[in-house]
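The first chain written gets the first letter, and so on, giving A, B and C; residue counts start at 1 in each chain.
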Amino acid sequence: MSSVLYYFLAFTGINILMCWSIYLPYRVGQLHYLTVACMLASAYFSGFAAREWSWPFALILAAGILIGVLISLLPSFAIGDAPCFTVVIVGLTIIFIFKTAVENSAALGGTIGFFGIPEVQHLLPLTYLLLAAAGAFIYRIDHSRLGRAASVVFVDKNTAAALGVDVKQLGMFFQIAAGGIAGLAGTLYAFLIGSLFPEFFNLGVIGTLMCMLFTGGHSTMWGVVVSVPILEGMQLLLPSAIASWRQVIYALTLIVIILLLPGGLITKRTLVRFKGRSRA
Amino acid sequence: MMRKHAKSLVSVLAMAVLLVCLCASSLGAPQSTVVVDQWEIPFLNCLTGPIASIGAYMSWSAHKAADEINQKGGVKGKPIKIVDLDTGLSPEKAVEQMAKIVNKSLVALGPVPEACIMAAMPLAVKNGLFSMAASTTYEYAVQFFPYTVAWHTGSDKTLPPIVAAWAEKQSGVKQVVQFVEKSGCWPVMADAHTVGLSSVGVKTINVEVPTDAVTFGPLVVRALAQKPDGFVLTCMSEKAAKIIMELEKYGWKDKAKILIFSSADDVSLYTTGGEKLNGCHIYGYLDAEMETERWKAFKEAYKKDHGGMDPVSLSTIYYDCVYMIKDALQNTDVTGDPKKLKEERAAIREHIRNIQDFEGVQMSWSMKDGVPSDKGVFLFVIENGKKNYVTYVDAWK
Amino acid sequence: MEIFVAQLLNGLSLGSMYVLLVLGFNLMLLVAKIIQFAYPHLVVLSMYVCWAVLRYTDNMLLVVLASVASCIVINIAIEPIFRLLAKRHGLDINVSFVVSMSMALLITDVMSHLLNYGYPIAFPSDWVGKSIFSSGLIAFSAGQAYALFGGIAAVVAFFYLLYRTRQGRVLRAISENSLLSSIIGIPIVKTRVLSYGVAGLLGGLTAVMLARLLGSASPGLGDFVGMKVVAASILAGLGNLKGGLVCGLLLGVAESMAIGYLAGSWSNAIAFMMMLIIMLIKPEGLFGIRA
């Protein structure tokens, strides 16, 4: 397999995981950017555990997920049912605090960065195996009572509460699950790139994830499965003459998609139509 | 009959002389047939995002060198083509761009900047591609040796003497405040400044510059409260300029006692600071007022395409890199044959890592195992946007 | 004490700028029901307009007019996008946030590509001005005075417009209940456009004052300020104008104190940590959500 295809597939897999980690809390109307902080913490921990303690990959993977879960768990007690923008600012603030902590930590390479994370064999198939597992988990949630409750919360919290939904607990569950998925993505990211730098985790990452989520469609988990490969591929295929306008093209794409296709490329209605055709 | 023999003899002799000449001329250069139509050199550069302006002039200088080389017939008769690959300040994109070239390119320029170097260089190392991340410091480059090159020696060796030289020129400086921004290897450079200052008996107090500060008044008040005799600015160019403006507002008059570090020698420093920088010192690796013909031509072309602005330290790096690659292509047995990719990459790499007496646009230097062995640092004083030469310190001597 | 007073002055002049930005931001949130994350970016764009005009004339009135006009025109020009968005998505402020984030990205990238070769711009040194008062570490520049007193004047004028004029009543009525407002005959679209115009006016004035306070601008300035404006607005309670006034000022002072007294790169982290604690305890903000 060519290097271009390898990295395209690997980043596509990791970005789908990260988009899902934003998608899940957005099911209850929360933009939970804290998942980027989970990714950062898990990536650095994984790199450190692999290089300094020589932990086996499986153990690091489990620890990475656990770190993501723990980081999401604590704030979720306070922001489980918080308004969307409080969740946004809490997320951005924790990313900033984590970045500052890394920049001030000599053990994690400080501002210079963290080098020399050992390679893992068969990382790409592993990534897709874990992606499938995470996908199955989200699919189950989406098609359970939790998923239906989340759909009601998204439309109207008060109605959901009247129907007996514990809005806070539901929000906490989605935030914690998202943290775990982001932790997984962080571990895979660290092993894929092989070195870490605090600036890897900035506002640009959030912008890219939002673009992917809203272009693909935020109402189903399948939206990002379509949009991530398209947007990843687009940045590889753009001719160099217009490559320098990539950010502008992304921003315009997102605005146009949101205006013309409000639900994104794949909506629940698209899926229903698709299922109908398959049955026919 | 005799005449006929004589004619034959002359012809044979002439042919023999011709043959000897041809053989002799080919002794100096490797004999090989170039199989490519052009020498493609990918440049992983940051052409989008907040530092796109820096990427733009780095790209300009690489293209300028390629144009000059091509106008003189190229290398081994083939033109050089710089292929810009935008990393957009995104590590992910840097890796993907590196993946595009890592199995086919002979040599590459970049990546730029550090976040992209960190992300993409491991892939270059893994695949044996020599990529000249020349705009970064030794501390980053050394992590990826021998697959990249350092443009300067380590901060701990290069910087203390120049900072000490500045301090010695200032009378009555016993204590300085150093503004340090925690970004990349700037804290390492700040430590090297401290070493240099302490070597001449000057105490350093560090004040950290927040990365997202909007105003710098509070920082300057904090610094002035330490009652310093001078300042060292180890932070982003725009912030350095703003701090100097604030210092002036708070009544600091002796600009000579302000030293700006090399990484802030960027256009943003001068566009932001303007006349407020007059009298400040700055150290760097480029003397913009040099009087050589080659430099003057470069400078004029640069100013023409950059709204009359003078070139800064980073402007020339990739110009010299392209000439270094030209030198390597010219003087090694490189053909561009994909079947010989591994050997030809190694040949270029080793040639550049140990290049001797390379004629850069400003100075001549040699490399030893990828590190310059005789490159020094200039100290300047800024006057109306111009950097006037004060001294040159070569840490190797 | 001297250091404290010096930092307080710095904080107040910076805070007054945050206040103006938070007011414009909150006005659009209340009336147009959008999160205009790109608002500070538009203000920075207007600073570039100031800079461009200053290259041809040093007439202060012309510069202010150009800045205000540009900010109003651009702000009103993007109104149809948000109107279409509201048509498609309903009044979903989350989606407006995503769209405005894209706009912010777009504005920043255009500035870094096309304006002054992407380099920061500097305003003439007499714009920032020398210290009009100086005693030890306490110094107060003309730029700071413009920012602080200009800011106060703009805020007073804004609240006068909102609470003492007919147009202000209309704006407030829509912010309270747009359905009822439309029933009693208030033109919703026209009034929303008006809110964009008023926010543009505030933005244009802020641009001039920021130019005098900072003396320079760069494409990345919008991002630095944008985050803080959104944070101050949320800390106050989204859409809470009076809360925004207090929190904007507090944020400026807290930022100055943090930089002045706390350890460097940790200073902002600690400031953010305090903000985080407040938000975790009171997710609806200190003064309550009004949007």
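Methods note: a contact is a pair of C-beta atoms (placed from the backbone, for glycine too) under 8 Å apart; a residue touches a chain by one contact, two chains touch by 3 or more.
Please read all numbers here as calculations on a predicted model, not as lab measurements.
Counting only chains that touch, the fewest steps needed to get from subunit A to subunit C is 1. The interface holding more C-beta pairs in contact, when B-C is weighed against A-B, is B-C. Distance between chain centres (mean CA atoms), subunit A to subunit C: 31 Å. Remark: subunit B and subunit C have CA centroids separated by 40 Å (rounded to whole angstrom).
Centre to centre, using the average C-alpha position, subunit A and subunit B are separated by 37 Å. Shared interface positions of subunit C, defined as residues touching 2 or more other chains, are 109, 113, 227, 265-266, 268. For subunit A, the set of residues that touch two or more other chains comprises 103-104, 244-245, 247. Within subunit B, contacts with two or more other chains are made by residues 48-49, 52, 182. Considering their complex, residues 29, 31, 75, 78-79, 82-86, 88-90, 92-94, 96-97, 100-101, 103-104, 203, 207, 210-211, 214, 244-245, 247-248, 250-252, 254-255, 258-259, 262 of subunit A touch subunit C. Within the complex formed with subunit A, the subunit B residues making contact are 47-49, 52, 83-86, 88-93, 95-96, 99-100, 102-103, 114-115, 118-119, 121-123, 127, 139-140, 143, 182-188.
On the side of subunit B, the complex with subunit C involves touching residues 48-50, 52-53, 56, 180, 182, 206-215, 217-219, 221-222, 224-225, 238, 241-242, 245, 249-251, 267-268, 271-276, 306-307, 309.
Taken in their complex, subunit A has these residues touching subunit B: 2-4, 6-8, 11, 103-104, 110-113, 115-116, 193-197, 199-200, 204, 208, 232, 235-236, 240, 243-247.
Looking at the complex, you find that subunit C touches subunit A at residues 35, 81, 84-85, 88-89, 93-95, 97-99, 101-103, 105-106, 109-110, 113, 223, 227, 230-231, 234-235, 238, 265-266, 268-269, 272-273, 275-276, 279-281, 283-285, 289.
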